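Dumping the structure here so I can ask a few things about it.
The letters A, B, C and D name the chains in turn, as written, and every chain counts its residues from 1.
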């Protein structure tokens, strides 16, 4: 009769954001601000570890960054000029305080804090061999595998131990790591997830996106390169390339939806990229209409690009209520579509009696799209055409994005016409994969050596997801044991 | 050194929203949804009183509607087919649970629940005479005065007692009132604050705005008229006009900022009105530029109207972070403008090297405007022109809107050029009062008998604020006594 | 299957304790200590109102005094040299924060705080006529009736208004009342509940029992007399007798169980009284045995008196676990008597193979007694005799003691032999009513004009419980309305 | 000016209690009850791990057992017929949720839960070598060392791995350990801390004391022997003696204070032992007086034994307030001794004008004794003699008892007369070490091979405290890092 979470937001979700700073007297306060700017990359938990002399301080909690770090008392106890921070989204079962990062461990050489954006593809296999050796795990995160590999490494200085660990792990990772020897930043050989270097007066920063530099007034220096390890100490920034030169395959979905529009990612403005995608889409799949309406908020830049290119009016035909509204009880009977209306209401004045082009960034399960289309029709639209600023999402991601099982992805089960019928639109079009590549500055997709990771559209995985192939899933016992609240 | 709430949102604030429903088996769940849609009218507290047979049920709490009413347990205990609800914003000192509405009292004839949007202008004078008579107050709200007036009325049926009370109060009020004899909805003789009637199957609804009808799928029937009392019972809706025919002076600021853009208010689409205001503004104060940029989110419709009329490109030059960020610690030294960046980040790709027209809805203290302009300049704008979709705000409101003291209002101290200098723009223009009236469908302002309440722009108050004139302020002792948390 | 609160403590319960202090710089801290010493008189809620100049401060909460007032922050905000405090026990349905005392009201002459120990017998009748007049009640306590009577009194100074109210109320009351004009202490004409006056340096104190004077190092001055009103101001202590000379009928059960053993009540040491009751009991109902065992903790003094008089060994045959244990889940099957064992465990070493005399202070429902007897037998006692240091409890109390309905009282349904059979003892005896009077210093009970209130044993009520006789029960609506937690 | 915790209870404190059950459908509910009965052994935190099939369930929290396990929801989620539980006291700095036991780890062979009463004397040395090997610790407890030793053991079945770990650890331990292979109970070779075996229908139980068997109605079977390992499986109870025959040296202080009086410890009733100690004390150090008064509650049995032997009247001259009262603010000026009065009030009726013998169980720092003596004198005692039912406490304990540093122990700095002067008594006497041994059934202390651990009186440690001798203290970083609340 009653259901909670009636409204399915139907987006892929970025799972993490990281931040680090070295050499600023207000390191923890700045890290909190940086994490706030990265909040869209993880809303369920946040943590900061700071280092003051040889003492580490730590605060981790569930909730938004502001809930966790909005109090002066919390920031004050995080003493020191060096800090790393992390925001995290994860599926419900794993929302445990013990999984909140940065993870910390006391090793022979002293303390080490580690924050991870991405996902390892051989974590379970490594974990099993570590457990066999007598290692005791305290979390269910793949990140803890890296910690144990560092702990048991026979190499000498911290830097060598860390690189020793990197050589054993596969998959996607952008890491920030704080020890008594300095702050390290690392990206996997394909550079799948982003990581940038910034500078604020004499201090150095690492962040998932440039918007985290903007909020604290730091200057953007450069992207960390694919396969690069940077070591920040009092002597400055040093760079190491343990894997030699590698071929970058950055996640193209960061441009479509994950990154914030005001970030500059791998040299390209995300906002501009989205407008260009909209323009490509208009060129590829123009349809005559009275108004171009974005599905707010993420569809706005592409809709603007589409409208401009198509020379059609842009208007806000759907109003978004920014108060969350996820947990409301949904009355069951006559009142349909309450779920979608918790967040979106059609703006009849703009829609009624019009031919409407809806622009959205992606279709995952398709559940929300169907409801929005029906809502727009009820508000009096005479035609509804949908244009999507990504190719059809046909495959799961194993690199740090929360995706449904493949058979839940609408595009893995239906062709475009089938999807159009299900969603109930007069026409449906997705941008082509080459159109997408063009919008982000390439002449097209190089199918022999793709310039980006686009596995969710093509199934062409840059790293073989071995744990998944071998059916290795995460340890059940630790997650069963722990109280979700702790 | 550290400050909380570093970012001043610098808007007038609507203080309340009300909702009522009569004759639906899921009355409380629908009221919670209606209040969620009205959340923009009050974010600090929410309450619902339901009536089941002759038993009232009640839940009131501090926080957003979802926090207060997101749980099934809470809704389940609010039994019955009749309910009234309230959302509330108030200044900090008064955020007490005992002030959260709907207020409830047990009278000789049984229980009565009352929710109020607006503000009485003679509440303190009435309160003093009631206390002298031996009445004991349990809250500091002006609304409780109405409750006592009903309790001591010598008139017979509930309806007559309520009207007896209305005859003694002055000011702005849209009220919902639930007793064993039915659900009543009332607006003051000027109809300053909004109230609409809706229908959902066999049930009748009252709500501050139509967006609250939309969310539950109810049909909009009509506005409650100025000075009208409607009584909803099993026999249907009955209307009484205790003040005879009165002259409506609806709050024109509801069109500019308070109401949700997807609401239809007094027959006019708020979104359309805002676009027309933007178009009027473009006609009145065009300036050549490269891009029209809204201050998000409230400036968007007016900016679209402006850009279309001015034939200039519309673009999102400022990105809003919807994660709240009010309580963060603000580092003090080099890092400027962290406050405003908690919520807004300039989108350099759109602004750099451009002549920018910023469109915002109002300037209250001017503090935020100055920071936004500086931020936009730092992002590389070559010129910054500001256009405001309301006339200068020069006077305080005494009718249910939280406004600063008059001497804190920038426009009461400076002329337009003075404001432009302070804010740091190349040019500044406000819409004219007649332009505003035209945009909402009038030929212009009738200065002998203004069609709207526009006192915040003109000082022409529709009701004399007698408590304020007499220097009567609210009871200090009750608010001192009570623990803020309770 | 599972039950909470498995262990029924089966005692009558005192419902309140009061404390007041006038003229000490640490008034609130001392009041908190005084209330802690009175904790046995009310464990569910506590409150303090202080007065600093003309500002009242207030803190009230559910829980033990230490939970409510153990924090320095709370005490610091209760500024001023004058304070009144209250501890409260009540049945579950009424545990509302709004019922927690001292009640406070803002009247024409300023603020007034009132704390009440006792129970009015005509509160409901008064309440009805006050509601008819338009008075709005904010709690379900009988105490609020007194507040309204003071508010509407036509008499002049506060003192006269208060006495005017006293003349209209019937029943048991020991009151402390703080206003801008001073601290008042009052007892009803029969002086049913206790109230004492103390002195600490220049400050005056009022307290339910002398143990509250002891904890703060104050000197005991005298009992407030039956029907006396004392007014404490900067000028000292003044006494008024609005009812002239009245005949004292103090609650004799305070000696048996309610008061703390280290208190001196109406001139008599409670501990000594209990030992004398035990000795009387031994004289009246000696039985040969090997050991005299108290039911801890309240049975200890009477058992000592009994053992000494009977020349039998006294020993702790039942060990009490002072960790509460009320809410535990009780396994259902084989494991019997878990409930009683949560609190009591037989000390086999003392009991096994022995003839045991158990001494307890009263039998209310008899449920616990039966379980304790069975437990003692299982531990190996060869005979179990029970001796009770009160007469059979046959009638309900209407004067501030929580008693079951009359038909739940074991002694109202069975004679002594019937009770002995039900409880499972070899013999059972209660002290006689005359024996009890002798133990507290009287030659015996004067049946024409009893020296004490002993209605729970005799049905001879000192004041007719008119509300009860007229079937007037408390207002249901206000208590239904309010959330139990608030 | 203000101080919290003004009253120093001045007792040594037992640090832990353990419980385990195998083969009962209500295993978790019974474990919660068992822990409630053991609450006196640890009041700061409690935990239970249950095993249902091959799934472990867990709940651990800070607070009393009732706070942690009083809710049906918590018990219901602890499914399965096997469980182990733990109560814990610890010094403030270590009260972290991650230190709350039973500890759990997932090893190669599956899950393992471990609860520990006692203290290892070589834990820090072992920990250092484990960290060097790459082991990561998640708590600061010595118990986690045992977990890692089991994890890295090369031996085969769980039982052999556990025994392998036992061979490496020194000190005091009574352990309960639950794995998929069964429930194990173990005591160190000296059997310093207690552990008993019980039976409830078909189920087997392990508990620190017999009072935990009593509460669930289980039958006492026998003590686990010093150096014994019992393995409970579906096949029954099996016993292994990995250390061969060892010489028992049970902690004699369990008889004096730690154990509950209703427990039978190593074949002797604790209550009887305490009465016999009181009698010995009367024989050794009789003094003529009017009354023997126990310092409640722990002094009562010894005082009864003393009074009986000395043929003097026993009476309650000090009344204990069982409401805790630790955190109250203590007014500073005139009001002396508020601290001690929070818990104890002299019963003037019993003391005034009398020669009093106070009987207490021990003197640690002496702070409380001095205040009690002064309080008793102020209540009018003409002479105060103190008799202590233990020898002078001159040495720290390293075996699971919280003791002050040696130089804080009064008896390590003063002789008996010096102590008497400081405490302010007319005479002071402690029981002799031989008298103590006689009271617990020995002919006297065998100084060549003491029958008990009495190191706190003699400095004769049964195991050399090597960590302490080597100055090894616990890891500071992990405890610094963790939030005290988590």
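Just so we're on the same page, contacts are C-beta pairs under 8 Å (C-beta built on N, C-alpha and C of every residue); 3 or more make two chains touch, one makes a residue touch a chain.
What you are looking at is a predicted structure, and each value in this text was computed from that prediction instead of being measured.
Considering every other chain in turn, none proves to be in contact with both chain C and chain D. One inter-chain figure worth recording: chain A and chain C are separated by 62 Å, centre to centre, where each centre is the mean of the chain's CA atoms.
The centroid of the Cα atoms in chain A and the matching centroid in chain B are 36 Å apart. The distance from the centre of chain B to the centre of chain C, each centre being the mean of the chain's C-alpha atoms, comes to 51 Å. Contacts between chains, counted with the stated touch criterion, involve the pairs A-B, A-D, B-C, C-D.
Taken together, the chain B residues at the contact with chain C in this complex read 49, 55-60, 97, 104-108, 110-111, 131-138, 147-148, 151-153, 475, 477-478, 480-483, 486. Listing the residues of chain B that touch chain A in their complex gives 2, 4, 26, 29-30, 32-33, 36-37, 39-40, 43, 64-66, 69-72, 75, 200-201, 211, 214-217, 260-262, 264, 269, 271-272, 297, 300-301, 304, 308, 313-316, 319, 321-338, 341-342, 345-350.
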